[in-house]
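Should a chain be cited, it is by its letter among A, B, C, D, E and F, assigned in written order, with residues numbered from 1 in that chain.
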Amino acid sequence: MSKYDAIANLHAPSALIGVEIIDGIGILTLKNRRKLNALRRDMMRRLTESLESFAEDKIRVVILRAEAGMDVWSSGHDITELPRPGQDPLPYADPLEETLRAIRAYPGPVIAMVHGSVWGGAFDMVLSCDIVIADESASFAITPVNLGLPYNTTGLLHFVGRLRENLVKELFFTATPIEAKKAAEYGVINHLVPSAQLETHTMEIARQMASKAPLAMAAIKEQLRVISDYQPIAAQVFERLQDLRRKAYESADYREGIAAFLEKRQPAFKGE
Amino acid sequence: MSKYDAIANLHAPSALIGVEIIDGIGILTLKNRRKLNALRRDMMRRLTESLESFAEDKIRVVILRAEAGMDVWSSGHDITELPRPGQDPLPYADPLEETLRAIRAYPGPVIAMVHGSVWGGAFDMVLSCDIVIADESASFAITPVNLGLPYNTTGLLHFVGRLRENLVKELFFTATPIEAKKAAEYGVINHLVPSAQLETHTMEIARQMASKAPLAMAAIKEQLRVISDYQPIAAQVFERLQDLRRKAYESADYREGIAAFLEKRQPAFKGE
Amino acid sequence: MSKYDAIANLHAPSALIGVEIIDGIGILTLKNRRKLNALRRDMMRRLTESLESFAEDKIRVVILRAEAGMDVWSSGHDITELPRPGQDPLPYADPLEETLRAIRAYPGPVIAMVHGSVWGGAFDMVLSCDIVIADESASFAITPVNLGLPYNTTGLLHFVGRLRENLVKELFFTATPIEAKKAAEYGVINHLVPSAQLETHTMEIARQMASKAPLAMAAIKEQLRVISDYQPIAAQVFERLQDLRRKAYESADYREGIAAFLEKRQPAFKGE
Amino acid sequence: MSKYDAIANLHAPSALIGVEIIDGIGILTLKNRRKLNALRRDMMRRLTESLESFAEDKIRVVILRAEAGMDVWSSGHDITELPRPGQDPLPYADPLEETLRAIRAYPGPVIAMVHGSVWGGAFDMVLSCDIVIADESASFAITPVNLGLPYNTTGLLHFVGRLRENLVKELFFTATPIEAKKAAEYGVINHLVPSAQLETHTMEIARQMASKAPLAMAAIKEQLRVISDYQPIAAQVFERLQDLRRKAYESADYREGIAAFLEKRQPAFKGE
Amino acid sequence: MSKYDAIANLHAPSALIGVEIIDGIGILTLKNRRKLNALRRDMMRRLTESLESFAEDKIRVVILRAEAGMDVWSSGHDITELPRPGQDPLPYADPLEETLRAIRAYPGPVIAMVHGSVWGGAFDMVLSCDIVIADESASFAITPVNLGLPYNTTGLLHFVGRLRENLVKELFFTATPIEAKKAAEYGVINHLVPSAQLETHTMEIARQMASKAPLAMAAIKEQLRVISDYQPIAAQVFERLQDLRRKAYESADYREGIAAFLEKRQPAFKGE
Amino acid sequence: MSKYDAIANLHAPSALIGVEIIDGIGILTLKNRRKLNALRRDMMRRLTESLESFAEDKIRVVILRAEAGMDVWSSGHDITELPRPGQDPLPYADPLEETLRAIRAYPGPVIAMVHGSVWGGAFDMVLSCDIVIADESASFAITPVNLGLPYNTTGLLHFVGRLRENLVKELFFTATPIEAKKAAEYGVINHLVPSAQLETHTMEIARQMASKAPLAMAAIKEQLRVISDYQPIAAQVFERLQDLRRKAYESADYREGIAAFLEKRQPAFKGE
């Protein structure tokens, strides 16, 4: 398993992730405790590379988790890494976007195992996993309107495939976390289990899936991905939507949102 | 605020709606008690105009409600205003359709605050709001099959984005109201709150949303609208669907449905 | 009603289905007890023909059920009838696929009344009915990954219209049955009723629907079918998906899956 | 061949068409000389039925022509048969629309053999044939703007698949005929041949096509039909287009257009 | 006609356009001789406003032309006005893009009357007119690869609707002008007429179109616009295309292209 | 340039292709004279690999040609390599299909330089190049109906983007070659030049394109590819088309077509 060690050592300390294979199940562990598992570029690149290695090694099922003992599953984007003002903050080539696509295109199930709070882009990452197993400490918030950051269409599609439209809107427009019980009721979580059983229950389901026919699973997953990710939109309409997004990320409000966040104060938005 | 008074006085008494701005939140109140808040053309035009004014004034969040003390939130279409037999009863330029589009395209959240029963087109209007807050008196029914009225594709898309397909079908094929608790379970309602807290709870959520970045919210809402309203359908298939609809609104059954409604008796449909 | 008797006598004994009309409601009863109502070709052809006859006779509502007293509603595909290795096991012209389309295109509601367990393709058939009424004995499993059978896009769309994406994936990737209560919570079942009331409750809802305007219902149902079944996919992407499916049904794993099933042992999949 | 004679005798004299099979090629001849082969409903129904019979008899190639000696191939719609004012003049169920679809869906090539002038809907019919062979007397005009008749989307798609957009617009906005040479240059005509060779050349190509593999041809033709006829359009956009069309066919201008045509005078359009 | 004079005086001298109505035909004349009719922002805004005024006044047909005596119809974008490096040079809200949409959505025919050479974005503008009438001095080039400017999807769709794919590619990849005769052959030009007859011929066709039913023409034009401009593309694919475009407009090559143009030398591109 | 030599030596003799770079232009030469440049699997794999190498080396423009002195540019598919009866003869993973996609996705122009006759799949390959330069010896035929081979949707889209629908149908339904002059008129060929100038003219255009901005060209080409190749089709419709294709490639006629070809006699098709 030296290949995975190699990946582990390749990157800056902030990229801290664990890469293991247990009982044939690939396990990716976010373990940058100091940065609350912020989805930093180097960490994202390591996740993407690890998924590629797993795929080459025909690992049938992957579990994505945070290190044991953390109360924050992930704090989402690292705000200090967002592109400079006036640039699209969620471009196609963003390392997080690449990781989301790598999870969605992985030729086997990827299970999010969630203990603790999940913020912003990390919620998108959890929804990009095929199923979600969580304990009662889990909570989920999607927070771009706190910053003035205009989310992108594919990101919104990730939510729309999972949650009713009015719930998607409530989550996005209030930026308020939902607790585990509500999240289970709303369908974010497949299995809500007691904390003590989270690991065993997740491994059990992973092993069950790993015993099924991999090529059939891969074909089914990929068809579902196309159905959900490839929603067609008229070119002209899409260019209009990009314009709305651009107005937002070029606005004074977006600068104010970032500044307020860094200064740990409430932002004062003007709609400009 | 004289502009809003002007809108209020511009129209026939049957258009009775209230237009207020409280704490920066726009509040639209249906108050035609005598007509049970039927969605009459003049009322719809006023709603559309009010939303346009709110947008000009950069009102960030809108609440749509019925007047306090009414047991019917809205009785839906005013049957006496439906187009003459043989004409499409739900054309694109219908004032209700225009209001639905105005709500869906409003560049900020529109909250439906529901006390009492919601019938027919009014259910479509509630679903066109971004989120729904209701108390235990709320109930919802979609009733076109009582009249023989063939619903339109965009109207159906409004339900499909909110409710599972089999529930949409049950609601449409039985025309039976669902009670508040069921509606919350099914996902029609975001928050089900006790009657006494309906107003304060709604205002609280409205204020919370009003504090978020407006341009980002507008870009997110518009992207979600395109994803849900712009479902592409092959031209030839669409023309075939129009033909099915035409057969229904040109049928004897449709005339029977309208007649029975006006005579307050059960219709006898023949499938012709 | 001799026409329906004629259909009944036309086919081999394994096609055993009952065809009745009660109170104007068409009732189709799966009654091949010995074969656990496996969805054999001749049975499927009879179902399709019966639906065509019902449509000609303007039967407004149809109930699809298993014979009273059976613990298995249907065991799904008859594995012995699957096409020879290397051929697409779910082609467009497959008799089951034809029945699914006949149910979905029937110009009036089709109600699945479910007592007992529902397996594989039979789950797809239940979801293709407009609404589902079940008792506490009902359970549902979708099992292609036990065989290595790559499900088809339209089949997946049937699930996607009814269930959240992550639940669809859990069902497909674990092939584990969900019990009636869970199924109701997840939205598979519209009404979960005590066993003793299953028949009367179903007939009541059927009669209620039969009293509504048939042409309007037909137009509404057909529009919903187009919205859900006609999801557009880029031609090139679709051909790529077929290739993934082909790799699966030409694989050694698929042969192993079928063999293991027939030998009643666990399959050992290699991903090849 | 009595079946075809039966079809021939089934209809009113105005339906005059000839139905023959020569060398295995089906030949449909428009022969209502008195009405200049106007596309009357009864004639259209006979064409559709004849194509169905040909398909049953596995006729591999069909030729559609006017009777020898006529200077008008077809004068297009019979204006006196257009639906009453205020109704869509080109509904899906219109007999001409049905014939167009029958030609386009015929499981083998349909060749338009054109001598003389082709007007209005007849131009649409010629473009719906798979290839066009014409002599120098041929001319083509599409004339709905002379009447104020708003053409339908599928009809426009028939032109768009054949001609460059700016030529489609010139033809529609001027309603002026183009002569054979221009039509060949623009691509309306596949082969422009001297009058004396029109029949022999057409039969030669028909025979050549009839010698090719029919199932492969049918699969190719149907794929091309889907590519060209099934252009997806967002539901909401389509409903808006219907509204524009409705405004036109409910307008005073449309009544004026029809009146002027019947009174053989220039219409005076007001844009209302 | 003072309204049009008002528009004329509203703007900076560089906006020089003529706005006239002759025989009910609206005539827009590009007359910034000093700047070779470069498509400067202020000129574009005036064109857009003039089209809006024409539409309000129910002008049925519009002619777009350059001032008599100019050898350059338009030199295209004013390079000095392109957005700063790193910004999308062809955003949705660009004044030229707005003019293109205003021409395409004008509720009546817009005729491009072309004498002289047409460069870059001006070629897009000519193709956005409904028909093109030109004399032998006309030539057309599309030049973004001289600058390294990544054209946008809607712009490409304007070409694809008019010209065969391989010709579109030749024009874009060589940036070489095609002469009038070739352009007529390729279908860019509807009518190629001698210089001396250009004005009279154009006016004749304009008058002919102006005599036709305006509502029917508007409905036909708008349907054709939707068919051609609303090509659906999967959201994820579109975001990938934007990324390719972004790489180009953020590249050193793009800066080199602009610099070389301003310094009137050959650019040296590195593909970086 | 040893890498290219390596590719050249890697394969069986039947893979004979030449790979050169002249003046920065990549040149791929089909040179299997004995097999008339049939599109054999090993040759296709080498073409695909060579294009990948060119892309890595940032070769800006590629020319695809046959060896000097050959009268056949390519005879198309090698019939002896078609999949066994009952299998899709044009699957997504077919080496020719891979080469077509590699040409279409190449991040720079690919020019087909054509001397001699082009048959079957080779015609598809020529149309997949961005532009076509040919001399008067060139001819083009698309011949699947001679074999009974049902062409695939993406293949048909390659023709539809280049040629008017009725010409596509004529070519496919007659399987007759068109000569160079006709092909130029129809738009298959961009430049028809005398034999003696074919090479120099092609190199000249290639060099011109190579001097333009590569990133902008790549973005433009890829956008055009998506517009043309990603035509969305409803999943259910696509599965129906596959069924039509399957009926053809499982038919007796297809076996007869292959047999007749190998026995060098006329096939006798029965439509079965």
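Definition applied: contacts are C-beta pairs under 8 Å (C-beta built on N, C-alpha and C of every residue); 3 or more make two chains touch, one makes a residue touch a chain.
This one's a predicted model, so the numbers in the text were calculated from it and none came from an experiment.
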Chain whose mean Cα position lies farthest from chain E: C
D-F, C-F or A-E - pair sharing over half of the D-E contact pairs: D-F
Per Cα centroids, the chain farthest from chain F: B
Interface composition of copies chain E and chain F: same or different, split at half: different
Contact-richer chain pair [C-F vs A-B]: A-B
Between chain F and chain B, distance of the C-alpha-averaged centres to the nearest whole Å: 55
Between chain B and chain D, centroid-to-centroid distance (C-alpha), Å: 43
Where chain B touches two or more other chains, by residue: 152-153, 157, 227, 230-235, 237
Complex contact set, residues of chain F against chain E: 58, 60, 109, 127, 130-132, 161-163, 187-188, 190, 205, 208-209, 211-224, 226-228, 230, 232
For the chain E and chain F complex, residues of the former touching the latter: 144-153, 156-157, 160, 164-170, 172-176, 231-234, 237, 241, 244-245, 247-248, 251, 253-254, 257, 266-267, 269, 271-272
Chain F to chain C touching residues, read off their complex: 86-88, 91-93, 152-154, 157, 229-240, 242-243, 246
